[in-house]
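So, here come the structures, one by one.
Both complexes shown next keep chain A, but they swap its partner, so chain B is in the first and chain C is in the second.
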Partner chain A sequence: MSSTTATPDTAAPPAGSGAGADERVAKRSLFRTLLGRPELGALVGAAALFVFFAIVSDVFISPAAQANVLYSASTLGIMAVGVSLLMIGGEFDLSTGVAAISSGLVASLFSWYFATNVWVGVAMALVVSLLIGFINGLIFIKTKLPSFIVTLAMFFMLAGLNLALTRLIGGSVSSPPISTMDGFELGRSIFAARIPVFGVDVNSTVFIWFGMVLVATWVLMRTRVGNWIYAVGGDAEAARAVGVPVTATKIGLFMAVGFCAWVLGMHLLFGFGTMQSGEGIGNEFFYIIAVVVGGCLLTGGYGTAIGGAIGAFIFGMSQRGIVYAGWDADWFRFFLGLMLLVATVINLTVKKRSES
Partner chain B sequence: MAKKSTMMMAVAATAAAALTLSACSSEGGRQEAAGGEGGGGEGAGTPEINVSLITHAAPGDTFWDIVRAGAEENATKNNVNLQYTSDPDGARQAQLVNQAVDQGVDGIVVTLAKADAMSGAVERAVDAGIPVISINAGEEEFADMGVITHFGQNESIAGEALGERLQEEGLEKPICVIQEQGHVGLENRCAGVTEVLPETEILYVQGTDMPSVKSTVTSSLQTSDADAIVGLGAPFTMTIIEAVEETGSDITVASFDLNAELAQAIADERVLFTVDQQPYLQGYSAVDAIWAYHRGGFTPGGGQPVLTGPAIVDGENIENVLAYAEEGIR
Partner chain C sequence: MTTATSERETTETGTPLLKLENVSKHYGNIIALRDVTMEADAGSVTCVLGDNGAGKSTLIKIIAGLHEHTDGKFMMSGTELRLSSPRAALGLGIATVYQHLAVVPLMPIWRNFFLGSELTTGWGPFKRLDVKRMKEITKKELADMGIDLRDVDQPIGQLSGGEKQCVAIARAVYFGAKVLILDEPTAALGVKQSGVVLKYIVNARARGLAVVFITHNPHHAYPVGDRFLVLKRGRAIAYQEKKDISLEELTGLMAGGAELEELAHELEHSSSPGAQDALKDVEAGLDDLDAGQAPAKS
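Then we have the complex of A and B:
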């Protein structure tokens, strides 16, 4: 990969390249700049999908329906933030779907078993989630196995732990109800509140999601850590050679995914009161799909957090739009596959064109 | 890295501090010393037998907790050593049956949700002289495989019972929410409802993802003119209630199956009624039937399935059910 196309064009050109007439630092036309954006394909797709559903269903554009679409997108998008950063950094995490459930279960079971304030459990869950990310990262670094394998192993282990520990501690396969315990209402008002905006109730996860996307974008575009992430995703060995702390960056990225899993886990816990220990399996692929549709390359080093957000929004639209349009849900997965294929083909074409 | 671990230590320290301050919740949480184990009672005085309970439960489905509770209670009573295993995949569930046959157990209780995949293994067990009882699913197929009897609910009859009850309430156009596409039992329930109320709408949701269940139901409520909505499992009905209450819809909620929260919701009149198939009875009766077979060669049912439902639980009889639902046996 060439670092000039991968780094966002807002970033400074490599220092010391000298020659002012170098074509690498020549000003690009607005059109070419737009074409070079990783999220362009997804944005066009999102707009097309929006117009399409607006035509086939009159309810779809109502504020209440849009609030619902955004909610749907946010539960996916929160994880997609971490997953997109990780994918830009060149790695995968297949344990994300069950890790979110683990986080909610830890909070719920811990505070229930010790009959503490729910927030003690919430803090424990954060520690455990970050730890899971840390362990993923550490094993990956130490063994040099592909992250695909490492996190797949973690996926199975977490899925098993979720079931076994929930049953061992709570005596049932779902976590005991904790909605009457101290601190639950506060948690609900943060992670699963309904906030009125222009007369419609919007779930607080939507704002949390937006906030996380902004922070991730800022980190990627404006900080040194952001440059490190692009560098380790592009070519870890080359990055190491120029002094990028590859190990710390990769482990940090896995921990960022852990943080996202915690946020989603808290929403599941406070939004629904009890956690079903067998849930979450399969969701990891939906996060990856959203991020890929949003223009991140599976090979790493290329993409944005906003792209992942647009991918999640496309997902939310198609998931809900099919119901609003009154279609047979049998087709949902087919559309999903088709969308993934089209999005990746567009991304590839756009990328090739902007490089030529 | 240094920054991260400092942060983690800070979080851990906060948690520890909160613990030492003993931030005990004033309400809820685990109760210390929650009394003796339920059931128990005197043993049957018969020699110990080994029984395998092999279901198609997906890991983490609360329904099977109740089946298991019934089976375990009977096992304690009748001096049965009960081994529970499950696998939602038909072929792998059949392997579990084969394993039990190889172990030479004294009886097998099995669900026949994927009857075709199971028939070979079940027939092998029957040929080996092991008494087999089917529960929950397999009402049509059990007799052909040589299974002694079947304890379960006929899903179509249950669906019809629900439809008839809605009709009595003057409701004509329900939404039937299926949480697992392609699940025959669930499809049959909705088909039963449709049999009585032809205007029934079917809505598929992704049961493994609660936020998705909630927002799909919300979308449907925003577009549909239905007057009732039916959840096909207790945890899903609880999510449906949330969606209904948040959209401010005055639609009536009904359900299949039961758990503690759903029982409470019926008591609070947030759900009109539920159709219970009494899963406890399926687990309990099946283990009991194996024991009775060894005791005196008994075969209940007379070649016909023994129905454990539908039993309707509504505002009228919820008082009798609530405490048992909390105990985890209803």
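Then we have the complex of A and C:
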């Protein structure tokens, strides 16, 4: 980010004679507009990373490898859509990693014990996932505690419930095998299908992810709700003062995260047939990292869903690229941490500039 | 959406747009405001002056609908009423621009302008923000207020304090405010920026609004005000038309001519040697104030 090019322009006196208006608008060039975009840092980083892996690995740019990269990115990116909306709305959710597992477990256990068709469980899982989001939001609003604490508590409770209830109901650490039940094939063809594109199998999660990013972008940029999300994240009190329904917006965002957890949970369920009740722990940080790398401010009010998607793509590239390059996968987390640090520093600079 | 200009009300006909008569406010046994009478006419600026704790904020909270008054009459266009909420006040066309402004710094100016009252177009799931129209209106409304911005797409946080005030004022005007309450709009601003805000206050008056301008600075109030209410310890110590009061008198009231006298009285009864010197200083200050007021009175 070159902040030096921007400084003279911002320093110019904003209000002045009417005659110069057009001239001053023209000064805001395409280049400068791009510099002001929240995703730019991530986009440059993604391009650099792509070129880097393309050089160090022969197979990285092959369509099959890229399909794998996209798949990795999508499983993370689906959650990152909700997490980015929530972060723009000024809040955190640390329960996302285990909430996705909870969703899959609910679908699996419910249909195994109470139904003949998997889709009954799938519907039940959707209800439970939205409810978890709603409860997160409600506790957050009612207690006025930081969302960090509320969802951290939810994270531990869900992690415990996943293990305890799965063992209590099924007597095992994994969910029962439901792959022979009615409706499973349909579920798989939606949430975990392999769709051939130009001779390469691409997982359906990639398309679901793209679709969700588009919808989230539409909502953020072109709807009233989107305006409210930015407002409650930027300054909740100011938003309330001009009549924005702050409580409803925030609770709705937690529920949107719940919805994303459901989508991911369904992918895991239909992709693998059974759910491991102890999984998901630690993933919430990956989602947050992807979103922050994508240019969303941790403090809220700034960022885009596309940024979160680019962050997820960077994540997917690093995860797969390190393997394709023949390095030890242990390095992955080191790079993740480093990227987070660099991205956060860039973001802070951006915020300072827009507030100066 | 109608602008305030289309429903301009005339001041000459007698009934003021907003009138408080002997309004008092008690918080338990604390009397925050006692027997305050004031009017705000369309196309005029009523200044409310007073030091910290004088009751200015209690007064605006009553007008803005945040608190109900305990005694007295609150009248809009001659009808007595009680405001139960800020929303009720807004419904009557009473808009308040608070010191903190209620703007979201990282959001573009046009999004801030329409925040909470966004214009939409389309139907059903395709109902979307009418971005083009909102940008046009924002630009036009700000231009009408005399605010010239290069780009309504820039984050509002990049504007100066004075400009932010002006956007907040323009927003209130656009959304149909008839009575505009400005809570210390110049308090945190430098000399030049204050001048800019004062200019917009005059513009708002020219557009037919009844402006209630709260400030503790008589030098800001006097040039733009038509009427001045000076509060002290919850009471009105002066309520004057501009023609009946000079800037010196107003400053004297604010700087606390009475307060200085009180201090002099206290010092007189004090026996410490230093007190006598202080007394002389205070008396000199009082003489200065009298000298300032004398020519204006004649």
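Just so we're on the same page, the second predicted complex is superposed on the first by the 320 of 356 C-alpha atoms of A that agree within 3 Å, B and C clash if a C-alpha of one lies under 4 Å from a C-alpha of the other, contacts with A are read in each partner's own complex, and residues count from 1 in each chain.
To be clear about the criterion, contacts are C-beta pairs under 8 Å (C-beta built on N, C-alpha and C of every residue); 3 or more make two chains touch, one makes a residue touch a chain.
Because the structure is a prediction, the values reported are computed rather than measured.
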Which of chain B and chain C A:A238 touches, first, second, both or neither: second
Which superposed partner A:Y230 touches (first chain B, second chain C, both, neither): second
Which of chain B and chain C A:F207 touches, first, second, both or neither: neither
Chain B or chain C, by number of chain A residues touched: B
First, second, both or neither for A:G282, with chain B first and chain C second: first
Contacts of A:F114 with chain B and chain C, given as first, second, both or neither: first
Interfacial residue positions of chain A with respect to chain C in the complex: 10, 14-18, 21, 24-25, 27-28, 218, 222-224, 226-228, 230-231, 234-235, 237-239, 241-244, 297, 301-302, 351, 354-356
Contact set on chain B toward chain A in their complex: 1, 4, 8, 11-12, 14-15, 18-19, 22-30, 58-62, 64-65, 181, 203-204, 208-212, 214-216, 218-220, 222-223, 235, 238-239, 242, 246-247, 260-261, 328
Touch list for chain A against partner chain B, complex: 57, 59, 62, 64-65, 68-69, 71-72, 75, 111-120, 123-124, 126-127, 130-131, 134, 159, 162-163, 166, 171-174, 176-183, 194, 201, 245, 247-248, 251-252, 255, 267-268, 271-274, 276-283, 316, 319-320, 323-324, 326, 329-330, 332
Complex contact set, residues of chain C against chain A: 87, 98, 100-107, 111, 114-118, 120, 127-129, 131, 143, 147-151, 155, 157-160, 163, 196
